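The structure under discussion appears below in the form of structure tokens.
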Amino acid sequence: MGRATTIPFGPQHAAFLEPLNVTLTLEEEKVVGAVLNQGYNHRGMEHALSLDYRKSQYISERVCGICSFHHSTAYCQGLESIYGIDVPERGRLIRTIMMECQRLTSHLLALGHIAESVGYENLFMQCFRERELVMTLVNRISGNRVHYSMNVAGGVKRDISPEGLKDIQATMSRLRPRLRELHRVFSRDRTLSKRTKGIGVLSNQAAREWGNVGPVSRASGIPRDIRQDGFAAYSMVKFSPIVREEGDCYARMMVRMDECLQSMDIIEQCLPLIKDGPVAIQMKGHPKGEAYSRVEAPRGELVYFIRANGKTALERIKLRTPALMNVASLLAMLPGCQLADVPTITVSVDPCICCTDR
Amino acid sequence: MSMLTSSIKNLFSRPFTTRYPKVPADLPPGNRGRVLYDMSRCIFCRKCERSCPTVAIITDRDAKTQTVIRHRCIGCNTCVEVCPTETITMVQEYSRPDTAPTVNVFSLDLPRHEYRIEHLPRHDGRKKD
Amino acid sequence: MMTLESKMRIRSPWIMHFDTGSCNGCDMEVWALLTPRYDIERFGAMNRANPKQADILLITGPVTKRCEDRLRNLYEQTPEPKLVIACGDCASTGAPFHNCYNVNGGVDKVIPVDVYVPGCACRPEVLIDALVLGLSKWREKAAGADKEAEG
Amino acid sequence: MSAGELLAVLLFLVPMIGAVVVLVGRSVPVIKVTVAAVTVVLALSSVGLLLVLASRSFAPLAIEAQALYPLSPVLIVADLALTALFIIIGWRLRSMIIAAAAALNLALTVLLGAWTGFSESDPAMLIDNLALIMALITSLVGSVIAIYSFRYMREDPRQPRFFAVTLLFLGGMNAAVFSNDLLWLFLFWDVTTLCSFLLIAHDGTMEARDAARRALAITLGGATAFIIGAVLALEQYGTLSISDFPVAGLGGLALLPLSLLAIAAFTKSAQLPFQSWLLRAMVAPTPVSALLHSATMVNLGVYLLLRISPSIVNAAAINWLVALISGATFLASNILAMTQRNAKRVLAWSTIGNLGLVAMCVGISTSLAIAAGVILLLYHSISKALLFLSVGAAKEGLGSEDIEAMEGMRAKMPFVSAALFIGIFTIVLPPFGMFASKWIISSAALTFPLLIFLLGVGFASTLVYYFKWVGNILSAAPGSRRVTLRADPLPANYKWTLGSLMGGAIVLSALIGPVIRYLVQPFIDRHFILPVGTNDLNIFTSSGEFPVLVLLLLVGLIFAGLAIIVRPGEEEMSKPYASGEDFDFESRGNYFASEAAVMQGIKVSEGAGVLLVVLLIALPIALEVM
Amino acid sequence: MDLLAYALQVLTVIVAPLVVGLAMGMDRKITARMQNRRGPPVLQPFYDVGKLLSKRPMLLSELQATFAGAALLFHAAALALFVSGSDLLVTFFVSGTGSVCLVMGAFSARSPYSFIGGQRELLAILAYEPVLFLVVLSIGMRSSFLVGDIQGGLLHDLPLVLLALVPVLVVLLEKSPFDVPTAHQEIISGPYVEYSGPYLAILEVARWFQLAFVFGMVTLFFWSGDAVISIAGKLALAFAALFATIVIDNASARLTRENMVSFMLIAGIGLVAINLLVLFILKGSI
């Protein structure tokens, strides 16, 4: 026919925060073919992580800036299970609080990003305004806005003071009405739902086949949430995974919105549980052995495999990041949609290219 | 159209925007800005140099200097933790941007927390191979 | 004496952001610049996401080997006068990723950089400082050009 | 025989003689000499006729049948012979419809002949300004196209047939527009039908034969409506002379002849629901498309409408229906044109739409509208011929008529691109002739508010499909510098023919004031109150004014000024932005709809057309019954 | 007296786009405030244009420059015709030519986003030109096509026609939900994507002229015998229209091109049709 046009979408593109290239084949503006082109962000992190296990908790944060704490938690949990130790309860609770804070920032970023991708500038701004509250909170707790550098193997190295706990409580109560307002907008806005409902549908079956994880799979009706394993302090709090059945952009968006509210619940549940005590255990000797560690990052199941042979350098470290699974499933969603929906669909899986490419 | 009410509300409320750089940044007390050396305490044990994940610290035992490459420091606080003599402190204020990667040289002849500013060489890029 | 031209230029810096392999931390902070808290539109800056209309390139990341050509491509498409700001440690020196085999170790290995921003991740305030520094560099350049023109 | 009569006779007789010479001569030099001679005669005669009429201050020139004595008996015989020929063609094509329609035509012709005693009504020919405009279009544009064909058809083995039919057509067309007697008009109407049939089938392919058959079926059907209308007209009005048709007090069955003639006009002008033949006719060689299917022959239909417009405008209900059918045609064809990929098909839809606009003007039935219709007819022919010929020239260079194949053509074939650009510019944008008439139509449509909605969407769609096409032409490889027109490897023949049409389109646009005053207004004045005011620089209507000269100067200054200001070499040429990638982009047009959707759209609009046409016939009968 | 009138007209043609530029600045400020931001200075659009003019030109094809200039000149001509009290319909078509020049400029650079932007801009033209055309014809129907002859009664008789102008303004101001041709997150900035430096400035100024013309049409709806009241009312009406678009922009996501075309055609044409019908029923004639 010769009617199809091919255009590059990315690596540098207004809709993407990160370099991802989707080469789209368009018939007029209908997408008939999509080729995912990854690897712009491949730095060789697995090699760098394996060089010195004592420094790798900092490097592992730099795999991804949006879910940095989850990365270092997964890494530290792996080392801890190699050593065979349990982190003190206070350390685990602090980890949980920080992970949920990070989930809040990540989800608010993703939500703002979706709003931006459909040209809803005001909503994007509002999401980021609320996100800024969490950002300043984590800045106060950890000393940095993005990379908290709080994790060490054996616990956390930075304690939260009683004022800090009060601060968290105060921020949460300040945030709750605002997020409720955002929830109202996201769920009710007509133009927004026109652009997200029924767009980029991923059926339950397809989600299983593509191995989707995290909010993307939960939006397609798969009630899978690694937090239910009870790592860190998740066994001490009550929550149930948020699941929707539609599998479209709207569902993915709303799952994230609901999870924001859930994160606040979890944080507020954690706060009264914090008792005085140590936050970390010192570990002796170099690690030796294998460990397989996983956490529920904002984008889904994050897996670290660590094999150590008793030297400073780890023998092998392997990451399987959630975005890798989710980004791949774009290939199932993009064909058949309109060019205008490509940014929305792409952003709705929350592609974290730095995770994907490592 | 759900944003209508909040748009109008925002229109008549004070903007959320900071006035930075007219007013100083609002930094929390525990902010990990940058590290400073109190050279009078330093024993040149090189623990900080070895612990640094990004090789931002260079200890020169002969010249009796500690060199911090500001544009390499990720502010992870490790050097502060490993220092046996509390030579190193983390302060709130962050390092400033510059027209070349900055190097701060702490030496014995300078007062506490003072440093000499040097620059790493700048590259001007390279042409396509 | 500063010309009207350079005055206008300083009041309207349009930015383009490109991630060349960073961890996303600086990218988020670049985006935070556009949002209500920091709002660099105060200074007239706009995110154009298009090299042809940008004055300032905000580059994050240590420039992976694959991004190298793309970065150069974008740089060449940006009309003069332009300013390159390397945001964050990794863009300045490649620091956190110095052990990685697939990076160039800093933006200035590929294209000339005007302002280096420290921090991992660089705070929005530092980015604002960098913007101000870059613009003052322009101002100096303009003043210098004026002197040359007079002399 | 006066000079005017002589020129008129020359205008239709010389081409016919030329056709015979070509058929007999058969060799290329003979053909070239003959065709060239005929075109010279045609051009001179038509301009001469203009001068003759001007010397009579544009009073119509009536030619009595007696003045044509040796001819008129021949014509009656030819009339019968032609209809008989159609029966044979129908028989050989194994198409019962064609054969039946032709047989009916023959019967009714004989009936009419018997009724009138084989004597013509007087005046048999009437050359007023409308006929003059048509003759000028046919002769001048036709001549240019004939000369263009020398080159275009140079490798065709059936050249004698082609040029003979073309010349026959030119003669037949001129005669048709001069005819005042419905029977004569019917004869020449059929001559053009025959020529169209022969030329569409020229390539001899299966597709061409099919298209020719369909064209013949529909236009013969229209001819049947025509001849029935003629019979009824004789019965109702007692005359076959169009100029004697009653202009007022028509009602009931007396409206039926007008309805039928309008339907005949719709078939010839390819209005809904009869448009399908014109689209298929695009398989014919490009000069044929330019000559018959856009510039001249299809105009015959709307010409007939304009000719009987004094009667139609006073026949309420009929004029509304005419306006609705043609308005719907205008809208539907413009929307459908957006979905086409083949340049000739785009032009075909556009032709249908513009003819619809002319017919709509008749339907609006104000003097302003009719003036607009005549202006549109004139300017449309020139621009459309230019566009068709350019597409033909482009096809020769690119090997394809697809719009997509013309991607970046401005760098390869600047002359043709300029011709296409000017053609489109003169059709769509101010301040050229077509635009002036659109402006008048917009003003005129105020009296028929329903139509302004059709017009609004229609005009905007026109912009879309033409500039989508222009976009493809302009989309040359990055960094391409402006090339001079001389750089085009186009043969001289094409350059001259395209160039003369370009010049004609622009000059005639500048002269729109005089054109309106001297060519259009005398026709309007005869039948209506004074419509359009003009002082040669501006055009006035009751509610607005159109500053032709100011706008023309403006556009001229803008483009001339920019050509001076924008100089090559000052700018840095860069790569296209492709998200940082090096990317070689190929532009492909947007067509907005799938084949199935287009078919459905055609079906829906045809359905609406059928409904309205049935209403057009049923209404007079219903009025009579009530 | 004549000379004074001419001078006034020339002045208006020069000042009107500057006022639009100022309005754009206000628009950005108000938008920022609605998003709880501080926003740029009100004079920002002028800084932008000034800066763009000082940048080094960069092009893909010379025709881009030609068409950018043509767009500016056509829009300026449209405004000049409008101010000089000429025929509104002619003015409208001349302005339309300017929009088409933008499209041709976008096409003449062979670049993916520019091309898609051009196609979308054509669709936008398909969406808003009919509505604008109907607005012009309604005005002509109600009083006259000659801008100089149009007097009061429009606001009273054609309120829905004025309302139909608001979505048109949304498209022309490139605001959501109908900023489809320049969709930032989809095709960067559509037809403008390959323009940079001075040529972008030219297009920006061309847009100001175009907007000045369309806002001029909005102001036609208000008329009063008293010059002061007339001018104040006209400005108030134009500002109200601008404010309406800002509010719509801040409370909606971008819709798709199909949505745009169908909404504009159905709502725009529908509003005009209803208004004319009501007028016809009330007054017996249009």
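Note that the chains are named A, B, C, D and E in the order they appear, and that numbering of residues resets to 1 at the start of each chain.
By definition in this document, contacts are C-beta pairs under 8 Å (C-beta built on N, C-alpha and C of every residue); 3 or more make two chains touch, one makes a residue touch a chain.
Not measured: the values here are computed from a predicted model.
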item: Shared interface partners, meaning chains that touch subunit D and subunit E; value: A, C
item: Intersection of the contact lists for subunit C and subunit E; value: A, B, D
item: Remotest chain, subunit C as reference, centres from CA atoms; value: D
item: Pair of chains ranked first by number of touching C-beta pairs; value: D-E
item: Innermost chain, taking as reference the mean of every protein Cα atom displayed; value: E
item: Chain centre separation (subunit C, subunit D; CA means) in Å; value: 61
item: Whole-Å gap separating subunit A and subunit E, where each centre is the average of the chain's CA atoms; value: 43
item: Intercentroid distance (Cα basis), subunit C paired with subunit B, Å; value: 19
item: Distance between the centres, which are taken as Cα means, of subunit D and subunit B, whole angstrom; value: 79
item: Interface hub residues of subunit E, defined as touching at least two other chains; value: 32, 34-39, 56-58, 112-113, 115, 184, 188, 193-194, 250-252
item: Contacts with two or more other chains, residues of subunit B listed in rising order; value: 1-3, 7, 15-17, 53, 74-75
item: Subunit D residues counted as touching two or more neighbouring chains; value: 572, 574-575, 577-578, 580-581, 583, 585, 587, 590
item: All touching chain pairs, where touch follows the definition stated at the start; value: A-B, A-C, A-D, A-E, B-C, B-E, C-D, C-E, D-E
item: Subunit E - residues contacting subunit C, complex; value: 28, 32, 35-41, 44, 47-48, 50-51, 53-58, 184, 188-189, 192-197, 200
item: Contact set on subunit E toward subunit A in their complex; value: 31, 34-37, 112-113, 115-116, 176-177, 179-180, 183-188, 249-257, 259
item: Touch list for subunit B against partner subunit E, complex; value: 1-4, 7-8, 10-11, 13, 15-17
item: Subunit C-facing residues of subunit B, complex; value: 15-18, 20-21, 25, 53-56, 69-75, 94-102, 120, 122-126, 128
item: Complex contacts: residues of subunit A adjacent to subunit C; value: 11-14, 17-19, 39-45, 47-48, 51, 58-59, 61-66, 68, 109, 112, 124-125, 128-129, 132, 135, 144-147, 352-354, 357
